[in-house]
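Quick heads-up: structures coming right below.
Look at the two complexes coming up: subunit A is in both, with subunit B in one and subunit C in the other.
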Partner chain A sequence: MPDLDAIRTEARRLLEEGLVEVVVAFKAGDTPLHPQPAFFRSADEVDELVYDGLCQNNLATYLTRLPKQAKVGMVVRGCENRSVNALVVERQKAREDLYLVGVPCEGILDWQTIVAEVGEAITSVTETGHDLMIETSAGYQLLERHNFLHDSCKRCIHPNPTSAEILIGDPIAEGDPSLPRSAVESFEARSIDERYAWFQKEAERCIRCYACRQACPMCYCEECFVDHIEPRWTESGATPAGMQGWHIVRAFHQTGRCTSCGACERACPMDIKMTYLTEKLNHDMREKYNFEAGLDAQSQPPFAAVTLDDKNRFKI
Partner chain B sequence: MPEKPKIVLFQCRWCLYAPADQEWVDSQLPENIHLTKTPCTGRINPLYLLNAVQGGADGVMISGCLPEQCHFKTGNIAARRQLDEFNDFLDYVGYDKQRVRFVWLDLQDRGIIQKQLAAFERELEALGPVSNLATRAKVAEGGQNA
Partner chain C sequence: MNLILEKQTLQDLLQFWRQDYDVYLPQKLERFSHFMPLTDNCEPVNNEPHNTRIPPKALFLPMTEALVKFTRYGGYEDAKHEIQSRVVFAVRPCDAQAVQLLDTSFIQEEYTDPLWQEKREKTITIGLGCHKTCPTGFCTTVGCGPFNKAGLDAILTDLGADYLVETLTEKGSSLFLTLPEAQEQMVTMAEVIQQKAFNQMPVAFETEYLKEKLEQNFDSEYWDNVSQSCLGCGVCTFLCPTCFCFDIVDETQRRERVRNWDSCMFRTYSLEPPGTTRDLHGWNAPASESATSTSIGSTKLIKLVAPVVVAVYAIARSGWTFAPCFAKHKPCHLR
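Moving on to the complex of A and B:
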């Protein structure tokens, strides 16, 4: 785990020297399993800053919600760094207004699997290397960390921030690119009716709360297509067509923009699996255009970077 | 006699059909084919496709200009990238890829659109009526007008 004191020292320095107006990071939440995003505006608040594997949100979401000209400091992991880059490419924030404090990420913990394993009454969680020490009212329990990672973190390829101003902690090994590929290919290997049955089963639980949209850094439209009244693009109620339409188009709008952080799936109150949709699109972008969102702050996504060069790539 | 498959045809209004073909598309399309003209294939939002699919179309045909002949330079290329991917994605969640067809035509291709539509219709008949992906409720049944 990266040194928390080093993160706090850096955040404090940024605020004291006036390099940024606000540092976006996490602070302790109501329960030990839920640290929450926090905005630190003065150096003496920084003692509350925490960072651990239970920080679920993608902080880049707040970039488009803070004032456009604000100078922002942010503690970023690999996926958050890519989201920031993708937002810079889309001109939602100027790169020079940002100061990124990078931390190599060992994967976000899925608190629900931890609760399923040890029960609700958790009083503290301590991470030591590859282990988790869970303190409950009944005593201590030691768990292996890698068994409790979130699905999208198990498949993570780039855990290290690549364009942070300062990196705290040592970079860790890159992930295996075959993991997201095999996840998509194993789903594609099913028959079309099996795929539809799975999609239908997942989508029909949707309550249209749009938590996935709110958690996603790339969903920053002023007006979402589902909120349009005239024309109404898809049914806005919790009807089968409405729920399926939402899941299809929400994912498709992320094509070439999704950074596989998995914040949508973690935000879902109904436990709907949805990264299998965006993984497919990311996989296609890698295969067809050799493109991954957010690897740098210049490359346009494939749907924006259209040239006559690919006139022969589709069959007529 | 079973019903003919419902087809939605998106046509770019610049696509240079031979005059006789355009005349046929404008005035003599069979009843099972619904024509939607767009200013360019690049204007076809994936949401249009979704609307057609959720409106109960058995198949969707998109007809645009050949590469380098787009009235707006790269509209058709952009559309190809996006709609091709959307088609793949619909297939991934269960709407058969073969139900969406692209044709890219120019002035020389006389009579092609009729042949393509007829061939597409035969293929859709072989596939049978569409069952995957939920359709919108009809307005008469309390659905929202899309």
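Moving on to the complex of A and C:
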């Protein structure tokens, strides 16, 4: 794990020297499994800053919620850095107004699998290298960390921040690119009926709370298509058509923009799998356009890039 | 009356009820438990001390519910709902009290929501007390408790091999006619368990002068701090057992007027009725003011929207009994 003191020292320096107005990071939550996003505006608050594998949110989602001109410091992992880059490409934030404190990420822990294994009465979680030490009222339990990673973190390719101003801790080994590929291919290998049954099972548990949308840094539209009234794009109720419509179009809008952070799935109160849809789109982007979202802060997503000499003319 | 139900015979009893009722009880779906209808081969009741993911309010106020069916030439008729008599088993006392609290909104002297009322009347609610208390609960602080009886027709106490069944209403008694009466020592044992659970739930905060404190601190910085990390999704309200806001929309392709769960966290909630506020007032929010649903509390917006919200809220509270009056005004998306 990266040195927490080093992260705090850097955050403190940014605020003291006035380089940023706010540092976005995490602080301890009400329960040990849920650190929560926090906004540090003065150096003496920084003692509350925490960073561990239980920090679930993609902090980049707050970039579009903070005032546009604000100078923002942010503690970022690999996926968050890519999300920041993608937002900069889409001109949602000027790169010079950002100061990124990068931490190489060993994967986000899925607290629900920990609860399923140990029970709800957890009083503390300590990460010791490859292990997790879970304290409950009944005593201590040691778990192997890699068994409790979130799905999208198990198949992460780029755990290191790519464009952070400062990197705290040593970069860790890149992930195996065949992992996301094999996840997509094994899904594609199923019959069409099986795939539809899976899609139905997942999508139709939806309660239309839009936690996936709100947790996603790339879902920053002022008005989402589901909120449109004129014209009306989809049923707004929790009906099969409405729920399927939401999941399909939400995924489509991420084409070439999704950074595989998995924040959508982690936010879902119904435990709905949805990265299998965006992973397929990401896979196609890699295979067909050799593009991955957010690797740098300049490259336009293929479907958003327009040039006047485009040999395929834009048609309506 | 106190009766004894052997745990071994519980499944038989549940199946027996199925002859006359739809029986709902918490069952595992993926990682969470939900109230689902009992079938022939059903997993045993999940007896861990936690609530179902979706609270039982959804059994009375479904996420989506048709109110009116449109007929040809501008007519409409009530949507038909066939509600079977049903038993909801293993409801937590807090969830049961929540449903009872919602009655105060849906069943009023002047306005009654017939859809809610019919479901309430046709439902027998059997509670399961919390002999193991949950770490995040604060029921005793807000007038409830691990063995609270409000809103229940009978309540069960887990005694290990048996349940002590305390029937609270006639409806409740009618389900347990075959059970033997509990011996004195069983009742004492249950009381000890109940008292122990109650003691495990100390008062979490002071509720005296709460209203005054909230009013005094209406503009406190605390709200700015606590809302900063809010993403503006609907999870807290949808999973809350007492949040009941809904939105009425016309599903024109299905020729239905439906009500869907709605949330004050949603951006469009404050813009009801959709489009009208902006059209009438020529209002366009500067990007910085409308950047997030959590920042919608700008004074300008509140001044513009508040009267409309109050009107819509009043109509919503009265339920669908007011729905026909909408027909006079063509919904904006049909213009």
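In the analysis below, the second predicted complex is superposed on the first by the 305 of 316 C-alpha atoms of A that agree within 3 Å, B and C clash if a C-alpha of one lies under 4 Å from a C-alpha of the other, contacts with A are read in each partner's own complex, and residues count from 1 in each chain.
One rule holds in what follows: a residue touches a chain if its C-beta (ideal position, glycine included) is under 8 Å from a C-beta of that chain, and two chains touch if they have at least 3 such contacts.
The structure presented is a predicted model; accordingly, all values stated were derived computationally and were not measured.
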Task: Touched partner set for A:Phe187, first subunit B, second subunit C, both or neither - done: first
- [ ] Determine, under the contact definition given at the top, whether A:Tyr196 touches first (subunit B), second (subunit C), both, or neither.
- [x] first
TODO: Figure out whether A:Asp170 sits in contact with subunit B (first) or subunit C (second), or with both, or with neither.
DONE: neither
Task: Touching partner for A:Glu144 - first (subunit B), second (subunit C), both, neither - done: neither
Open item on the list: Tell me the contact category for A:Arg208 with respect to subunit B and subunit C: first, second, both or neither.
Closed with: second
- [ ] Go through the superposed model and pick first if A:Phe303 touches only subunit B, second if only subunit C, both, or neither.
- [x] first
TODO: Scan A:Glu235 for contacts with subunit B and subunit C and give back first, second, both or neither.
DONE: both
TODO: Go through the superposed model and pick first if A:Asp5 touches only subunit B, second if only subunit C, both, or neither.
DONE: neither
TODO: Kindly classify A:Glu17 by the partners it touches after superposition: subunit B alone (first), subunit C alone (second), both, or neither?
DONE: neither
Open item on the list: Taking the stated contact definition, name every residue in subunit A that is touched by subunit B in one complex and by subunit C in the other, in rising order.
Closed with: 231-232, 235-237, 239
- [ ] Sort out for me which residues of subunit A touch subunit C in the complex.
- [x] 30-31, 36-39, 57, 61-62, 64-65, 67-68, 112, 116, 120-121, 205, 207-211, 213-215, 222-223, 227, 229-232, 235-239, 242, 267, 269-271
Task: Partner subunit A, residues of subunit C touching it in the complex - done: 29-32, 48, 50, 53-54, 63-64, 134-136, 228-229, 231-235, 238-239, 247, 249, 251, 258, 260-261, 263, 266-268, 274-275, 287-288, 290-292, 294-295, 332-333
- [ ] Please give the residue numbers of subunit B that touch subunit A in the complex, ascending.
- [x] 46-47, 50-51, 54, 66-68, 73-74, 77-78, 80-82, 84-86, 88-96, 102-104, 132-137, 143-146
Open item on the list: Which residues of subunit A touch subunit B once you look at their complex with the stated criterion?
Closed with: 187-188, 192-193, 195-197, 199-200, 225, 231-237, 239-241, 243-245, 247-249, 251-252, 255, 277, 280-281, 284, 288, 302-303, 306-308, 310-312, 314, 316
